[in-house]
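Letters are used for the chains, namely A, B, C and D, taken in the order the chains are written, and counting of residues starts over at 1 for each.
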Amino acid sequence: MNAKLAANPRHRELGLSDDEVLAMYRQMLLARAVDERMWLMQRAGKIAFIISGQGHEGAQVGTTWPMRRNQDWMAPFYRSIAATMTFGMTAEDIITAHLAKADDVSSAGRQMPGHYGGAPYNIVSVSSPVGTQVLHAVGIAMGAWVRGEDVVAITYFGEGTANQGEVHEAMNFAGVHKLPVIFVCENNGYAISVPLEKQVGGLSVAARAKGYGFPGITVDGGDVLACYAAGKEAHERARTGGGATLIEARVVRLTSHSSDDDQRRYRDPAEVESLKQHDPRGLFANELRTLGVLTDEVDERLRAEVKQEVNEASKRAEARPDPDPATAGRFVYAEEGH
Amino acid sequence: MNAKLAANPRHRELGLSDDEVLAMYRQMLLARAVDERMWLMQRAGKIAFIISGQGHEGAQVGTTWPMRRNQDWMAPFYRSIAATMTFGMTAEDIITAHLAKADDVSSAGRQMPGHYGGAPYNIVSVSSPVGTQVLHAVGIAMGAWVRGEDVVAITYFGEGTANQGEVHEAMNFAGVHKLPVIFVCENNGYAISVPLEKQVGGLSVAARAKGYGFPGITVDGGDVLACYAAGKEAHERARTGGGATLIEARVVRLTSHSSDDDQRRYRDPAEVESLKQHDPRGLFANELRTLGVLTDEVDERLRAEVKQEVNEASKRAEARPDPDPATAGRFVYAEEGH
Amino acid sequence: MAELNILEAIRSAMDEEMERDERVMIMGEDVGRKGGVFGATDGLWAKYGDKRVLDTPLSEGLIAGAAAGAAIYGLRPIAEMQFADFVYPAFNQIVSEISRMRYRSNGTFGVPMVIRMPYGGGVHGALYHSQSNEAYFTSTVGLKIVAPGTPADAKALLKASIRDPDPVLFFEHKKTYRLFKEEVPDGEQVAEIGKAAVAREGSDLSIFCYGYMRFCALEAAEALASEHGVQAEVVDLRTLRPLDMETVLASVAKTGKALVVHEANRFGGFGAEVAAAIAEQGFEHLDGPVTRLAGPDVPGVPYHHNLEDWFMLSPAKIVEAAQTLAAY
Amino acid sequence: MAELNILEAIRSAMDEEMERDERVMIMGEDVGRKGGVFGATDGLWAKYGDKRVLDTPLSEGLIAGAAAGAAIYGLRPIAEMQFADFVYPAFNQIVSEISRMRYRSNGTFGVPMVIRMPYGGGVHGALYHSQSNEAYFTSTVGLKIVAPGTPADAKALLKASIRDPDPVLFFEHKKTYRLFKEEVPDGEQVAEIGKAAVAREGSDLSIFCYGYMRFCALEAAEALASEHGVQAEVVDLRTLRPLDMETVLASVAKTGKALVVHEANRFGGFGAEVAAAIAEQGFEHLDGPVTRLAGPDVPGVPYHHNLEDWFMLSPAKIVEAAQTLAAY
């Protein structure tokens, strides 16, 4: 395998330079580092609640990478730390949102942690009821189609969420009009405590796409480049009038569902232990090392950079002001000049 | 074809005697005659509104035939004249409901025409928002499964309705637990004025079943015996723990959507004209004639019987009392002794 | 100036706004070639094409949610629910998303869209084609709720709704669609959302109403005046949220008596808010109990005309209630 | 007798009813092995098995609709919505089907089921884990709405709800789950749905409340008595639909003043009905305006504790409103 990889590295076949794959790797490191920092802050009592993307970063960075910033749109979900960061949000944005500071770009401290959104980034503000964002992505794609504009919408959700009626309605409509939208289902095998086999009749979310008339593919979410390839093909299809794609990325949930959950109540210790082997960060590092693209030296440098970035972002975020209760009644409706 | 049919008639292969297919044929004649009578009554101002099953009778009689009366359950829709009659409702029940008489078994005159239901027949009362009944059928199947009881639920709906989120949620759940339920989609190519290609991404409702992990089949709704075969197989599967089936019957809507609609506004005259060739009543008659099972004499007798049945049913129904406004406030909640 | 009924006024408002602003589009079931089941969009598909007058699949969640996405993206969608009775599959999108988007994003995302909904009974539509379900939405913060009762109001308020930066639910009483015609000014008549109108002046009691009940209340007021010597003031609320309490209280200050009339069920209906607000803020003016006249508390309008008549309000029932209150 | 908090009381009611009646089953998200996100069903999966304590897919429409089908078929399902905030995908089933089935079938089909919904704020849950959305349901004819405020009431009312032949929505305020314990009688204690309770006698004004607000109102009443010499009567409504107007009016007749308190938004909230009904039926008793104290009209409880505190009612805010009214 080594020899084959070295001779004909996958990423070059996909049109990615060595620098680009290192940038993707760095993006994963950064998302993970932010995520881990959130847990620390939660344990320190600075954040009431955290819901994590650990184990999902490969699927997110891979599929978001081909999206065009400031042109395409994203409707994320609560595990989308890596996706929203790949699409423009900074470590500081994410940490500020978790600390619910007054100038948090997502909601100015009005929403819980994990409710990403950012008008400057074309990232639609997300709520808690799962699946609602899928219709927004389709609506954006419809808007672009009606106006004849070159825009692709991407949306993310879990496999439990795939069973919501709204997701069905969204996908069917995308199929009818070949709308420029990409559906990414991050299938981590659980919806809180309920396993895939009690959630998804037929066990495959991707299989549903056929019923809507567009391609559905399953990719290994531990394999960043496979996710990238799937995202790129889907983006190409959307951009060129080929319509929607459903990508089901099989990922691992490395943490409990959230800081309010304890997965030991419903998951085997051995199962939990085994998940680490599917950590996309480690798998990508291995692949890049094998290729010689990533060296110990580079890895250390990237990790140090990322650590510093998170430290500085945290410091700045913590220094920001808390929301003023006098503002709590604002923006129920549009205000003049806003 | 004649020779082949005569040598090995399909219905015998399916285990149906000559008498049984004649009974099925009679059932179709009766449903059609009731339906036609409703239109006459509507034009005469006796009924405010009618929504018709003409063209759907083959799919309905065929798939309902294997269901066990007083044991299985049905959640019908507004075109289910033939289905509910096959399952036990009488011509008089249907006409009484349309006239909204005080002792109408469906609703005592509270619901619009076409809102079938009947506790004595295990037919769930149906409402207007399309698709809600599909969840009820699944809930009944779940109830039987939880209690270990030998019951199959069947439900009917159109292809436009298949795009409602609730239908997705219902089918997925049926797939997860292999519930004893049969989904029959009567695909007549239109949801009021909106054609299939603007409704159903991928153009096939049956194709969706795969995404839920159970079989989905397409049958010619003009072919009663094909519908019977599909229904029988589905019933067998449900009864023996094999789970759900989705049957998509391709049917024709021989009338406008309802008495409030005029399909000439959105449908080609040639298209409308061509539908008659797919009328399941005529097609079935032809097949039975070819086999010698149906003769002119028998056909005339059956038609005369049916006509008389409808005449008498109408007379009795019209003689029934109108609802008393003093009862309009009852049964918001359960009443003692009811 | 043209003589229009409410249906024509609505169509003309949409036509003019689509003409004026390319971002305006219509989406819903059968709104295209068929022109809607009531004909509200008749002719617009031919004029503006397949995409700007878009026949959707039969999925109300989709209609509301995709319209919301398009509004966030920058369009100005007008979504039609075929009947208000069928809005519930869209309830999650309306109350979780559309009404909350601006607040939760601290004003950085808005959802400028209109949902048009034919509502109301008296049309032999029974439980599922007769609902007056405005209370589900009037109690939802973040929405604006409009319910006109005349052609001129319908046109000017629909135009205002389409231009509003926030989501507006536009309730059209089916029984008023062709009830009467009136002169409706052409062109740029845009009303202000949130203003009630005194439809008839009076001194003995105030009747608060909207939609079809405006028509019934005015008839009742004539009968009250001519047959019973009671001068009723009729206030057409027009916008239910935000509610124009200034006009409401001014009327109560004048008459001392308030009769709140709506077709929807009484318990928890929109009238409860109107009555409670009057009772609290107008307490000192009141010389009789704030009285509600509303549909009976059954789960829907029953079908048979005997039963439907039992359910529906009418000028006669308003006269009766007003007399009782006036005599207090 | 056992010392139970509200969460334990709820669990024990379900356990006893499942024991008593084989038709009772539980369905919802994570109700099985995990025992629910709040632990309400903890231990029941192990005791009653996979089918009677059924983990459903993540689809609230399914949960309500399949429970309805099962209830029609003859079971007695208890459906859990994980948070009241997530009930909207089930809205169509609840208001179109569950609430209307008996009426539309003229009493021939009933839907004997319970929907349990954790609701309410003050738990750092922000816009989508804090809602008090009872008004959407209290205005729906055909439903019964229960919202207990004590462990004994929670248990006896949940048992009554499970046995009721009609659909009951059971609102459990999350902040009360572990707020306090009290002695709860074992076994056959079944309350009557539709009865309010005077939680504290008083003569100067009446405070009408439910759920967590009962707790706050009682604290406020103590402060009013000890610090301000005001004797507040606290009436815990317990059942919101049907509303026990007899008890409500008796209290108003005694005190002459009514303060209606709830955490939900004010405009169109359930308090509007209570206030309007008092204003109409109790007019002659009133010597002050029927006053509402409610959550502010923003689309949800905001997250940051600065903002959440701004939103939430508290004993102090109740004291303030009660003083103003008492001084009227």
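We take it that contacts are C-beta pairs under 8 Å (C-beta built on N, C-alpha and C of every residue); 3 or more make two chains touch, one makes a residue touch a chain.
For clarity, every value in this text was computed on a predicted model and none was experimentally measured.
Undergrad: A-D or A-C: which has the larger count of contacting C-beta pairs?
TA: Contact tally favours A-C.
Undergrad: Measuring centre to centre with C-alpha atoms, which chain is farthest from chain A?
TA: The chain farthest from chain A, judged by C-alpha centres, is B.
Undergrad: Can you give the whole-Å distance between the Cα centres of chain B and chain C?
TA: 37
Undergrad: So the centre of each chain is just the mean of its C-alpha atoms; given that, what is the distance between chain B and chain D in Å?
TA: The answer is 41 Å.
Undergrad: Which parts of chain D, given as residue numbers and ranges, touch two or more other chains?
TA: Correct list: 56-57, 59, 61-62, 85, 88-89, 92, 96, 100, 103-104, 127-128, 141-142, 297-299.
Undergrad: Which residues belonging to chain A are in contact with no fewer than two other chains?
TA: 107, 110-111, 115, 127, 129, 163-166, 169, 172-173, 176, 198-200, 332
Undergrad: With touch defined as at the start, can you tell me which chain A residues reach chain D in the complex?
TA: 48-49, 100, 107, 109-112, 115, 127-130, 160-161, 163-166, 191-194, 198-200, 260-261, 265-266, 322-325, 328-329, 332
Undergrad: Within the complex, which stretch of chain D touches chain C?
TA: Counting only chain D, the residues touching chain C are 85, 88-89, 91-92, 95-96, 99-100, 103-104, 127-128, 135-136, 138-142, 241, 243, 265, 267-273, 275-281, 283, 286, 288-292, 297-300.
Undergrad: Could you please specify the touching residues of chain D with respect to chain B in the complex?
TA: Answer in residue numbers: 23, 25, 51-52, 54, 56-57, 59, 61-62, 64-75, 89, 92-93, 96-97, 100-110, 141-142, 144, 165-166.
Undergrad: Looking at the complex, which residues from chain C come into contact with chain B?
TA: 29-30, 32-35, 37, 55-59, 61-62, 85-86, 88-89, 124-129, 296-299, 302-304, 306-307, 309-311
Undergrad: With touch defined as at the start, can you tell me which chain B residues reach chain A in the complex?
TA: These residues of chain B touch chain A: 163-169, 171-176, 197-204, 207-214.
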